[in-house]
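The structure that follows is given in the form of structure tokens.
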Amino acid sequence: MSIYNSLAGKRLNRIEGLSDGVFSIAMTLLVFNLKDPLTGAVQSDKELWLALQSILPALLSFFLSFMTLGIFWTGHSTQFQFIERSDRNLNWISILFLMFVSLVPFSTSILAGHINNRLSIGIYWLNIFFLGAFLYFHWLYARRKNLLSEKENNLVLIDKGIRNRIITAQCLYAAAALLCFWSVYISIGAIILIQLNYAFGIINRKTTK
Amino acid sequence: MSIYNSLAGKRLNRIEGLSDGVFSIAMTLLVFNLKDPLTGAVQSDKELWLALQSILPALLSFFLSFMTLGIFWTGHSTQFQFIERSDRNLNWISILFLMFVSLVPFSTSILAGHINNRLSIGIYWLNIFFLGAFLYFHWLYARRKNLLSEKENNLVLIDKGIRNRIITAQCLYAAAALLCFWSVYISIGAIILIQLNYAFGIINRKTTK
Amino acid sequence: MSIYNSLAGKRLNRIEGLSDGVFSIAMTLLVFNLKDPLTGAVQSDKELWLALQSILPALLSFFLSFMTLGIFWTGHSTQFQFIERSDRNLNWISILFLMFVSLVPFSTSILAGHINNRLSIGIYWLNIFFLGAFLYFHWLYARRKNLLSEKENNLVLIDKGIRNRIITAQCLYAAAALLCFWSVYISIGAIILIQLNYAFGIINRKTTK
Amino acid sequence: MSIYNSLAGKRLNRIEGLSDGVFSIAMTLLVFNLKDPLTGAVQSDKELWLALQSILPALLSFFLSFMTLGIFWTGHSTQFQFIERSDRNLNWISILFLMFVSLVPFSTSILAGHINNRLSIGIYWLNIFFLGAFLYFHWLYARRKNLLSEKENNLVLIDKGIRNRIITAQCLYAAAALLCFWSVYISIGAIILIQLNYAFGIINRKTTK
């Protein structure tokens, strides 16, 4: 039994290592959307300052996506606090989850380049939706296949907390994305507010401290 | 003996860390083939939608290659569940294996850019072939040099399962690649079907659960 | 209690893995500022040599930023020698810290491209300032929430050492950045001197050996 | 004492994680030198084949640099099999070592773009020289500061083996680089032969099996 556990533990190490890798690269690649706005024509400090202002939309979507990736990294790594064993299917759910992680810099660059366009919000929301869907499915599968730690006493509470958290967040994201039919900027603002709440807010502290 | 084991274990950590790194970067770099299809001329939602359709071949090969990398990452990390010690040669087999992992974004970009061209299928297949060959050789070397865990009871069965799996998969990939002389699209479709089978399918569950 | 510890330890592994990932990618991406200065016109060795000289400013800022990242990586990983547990907030402070780590290649490219411009020094300094601020806040939070190792005897001394080190360094960086109103080159030179001192210098050895 | 050990061990984990990260990224970024040689004009399989031939110099230097990085990764991680503790200075030697690791894709791109040019060989050799110098210094420092494992019986032999290996290799690299005054291609061929010997060869097996 202990041999099996050590093998299973090792497997967790690998999928965790791969996840940290994909997340850290996706986070760092976001910076490629911030292209140097300065041309040869910019010489005075004032001109440089004006040029920097032109990349503010890119900076905004950089911050937005860094928060997105931070939130889903936290969600994914929190699940592994309670997951004790893994099997091939669970790893594959993670790999598909990571596929959508690696797409975040792409959907961010579309958003940054077309910030007035409703469809670019739609694409970005679709990316968040699939991240949430695979994260939810990851937990559901681990629970159904009894891959969770048996030493944990509050599994029922934790299970409820993790699932409610994902569903509530996804409903809020969908609502925020729909706001784009009113105004794209309000839509982005709402998404950022939801993210700030999930990163530092009240709901956060109650469910999975 | 225990000192030797801990040293050997450490070595496994390093080559595993390097592998996770190369795989996660290769996976994330695939996204660079998805270039923003939107130009300044695209303004309405409908134009954006049409522009997105033009990157469907790139999206298809993105998905194809993410599956490829996921399958070979799973194959490589599964071997390490049974490998207990490493030596310099085994590490070098992994490094050459990783060389072909790092080439996947390159052969993917050729495939995405020339999806109607038989030779681009040939290059992509060659990449998969070398991945399989080094994976097979990696296992063969570990088994012959007695680097496998001695605590494992079913080593004979596991050995057979791992080797058959690689050989069957490679035969199927070769057959699928040959289909390109009939139709390139059927060839790519066949490769994706093989991948879906290996990621989630029946053969999978029997051999190395 | 031991279960809790192992869980907490695991969490440390993940945020440490993410940090190492972001730092290593940011370090390696710095090299993208070093564009091949050779065009088709360069054929003789002498022409190549002259062309290489033209990238000296880029090489200088590459070295500057590699030192910057090395210093903050050291500072961040040193804190984790004394941090035993983590919570969600501490992880989020790290994630925001990593956001400014991932911005270093961007502010470096601005500095490399506009090395005569005061504002580019200002942007670079702002990046260093936020890195220091989040590093300081990271330690402060861990200490206040009793997340530090209780086995450590010299916590009072260590606490003082870590905090003084960050504050002193930030004062020196601010002073060096202000020198740009006198001369940009003197300003960069002063920053490099401060970095060399922190990497190899005397203060270094006393406080956190 | 055991607390100190666990802290020191943790520190090793971090610098090892950072090293694996930088190495794996540098290895994967090498592929960026392989630009898709196919333009819109290439349509038939024969044209594609001819176009691929034009990237053979880039493929050659890709292979060369992957071997280089593999060799120095092996050298660096082998040292950590015998290093038990670390201190800030040892970490900084590793960070400077990693700086030259991150420069390999850059010097490779210069070599690939100017394969007939002696100076590009000189730059590549300089990169290898600094890698070797910091690797040697890393070991020397660890030995002098008693950071090596005390449980190891053959430390004198291991010490001699590691040091001789680096010095011999560097002499051979320098000699191979000097061959460029005769012929650049012979010079590159000689470097590859040295690398193949160090990766799979005889000297290898004797010294640090």
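Observations, loosely collected:
When the chains are written out, they are named A, B, C and D in that same order, and each has its own residue count from 1.
As a convention for this text, contacts are C-beta pairs under 8 Å (C-beta built on N, C-alpha and C of every residue); 3 or more make two chains touch, one makes a residue touch a chain.
Keep in mind that what you see is a predicted model, and the values were worked out from it rather than measured.
Under the contact definition, subunit B and subunit C share the contacting chains A, D. Compared with subunit C, the chain whose C-alpha mean position is the greatest distance off is B. Relative orientation of subunit B with respect to subunit D corresponds to a rotation of 90°, obtained by superposing CA atoms and rounded to a multiple of 5. Counting every residue number used by either copy at the subunit C-subunit D contact, under half are found in both chains.
Mean C-alpha position of subunit A lies 25 Å from that of subunit B. Inter-chain spacing, taken between the CA centroids of subunit A and subunit D, is 35 Å. Shown for subunit D are the residues that touch two or more other chains, namely 17, 20-21, 24-25. Across the complex, subunit D is touched by residues 3, 7, 10-11, 13-15, 17-18, 20-22, 25-26, 29, 87-89, 91-92, 95, 98-99, 102-103, 105-106, 109-110, 113-114, 117-120, 123 of subunit B. On subunit D, the positions that touch subunit B within their shared complex are 16-17, 20-21, 23-25, 27-28, 30-31, 34, 36, 38, 42-43, 45, 48-49, 52, 63, 66, 70, 73-74, 77, 80-81, 151-152, 199-200, 204-205, 208-209.
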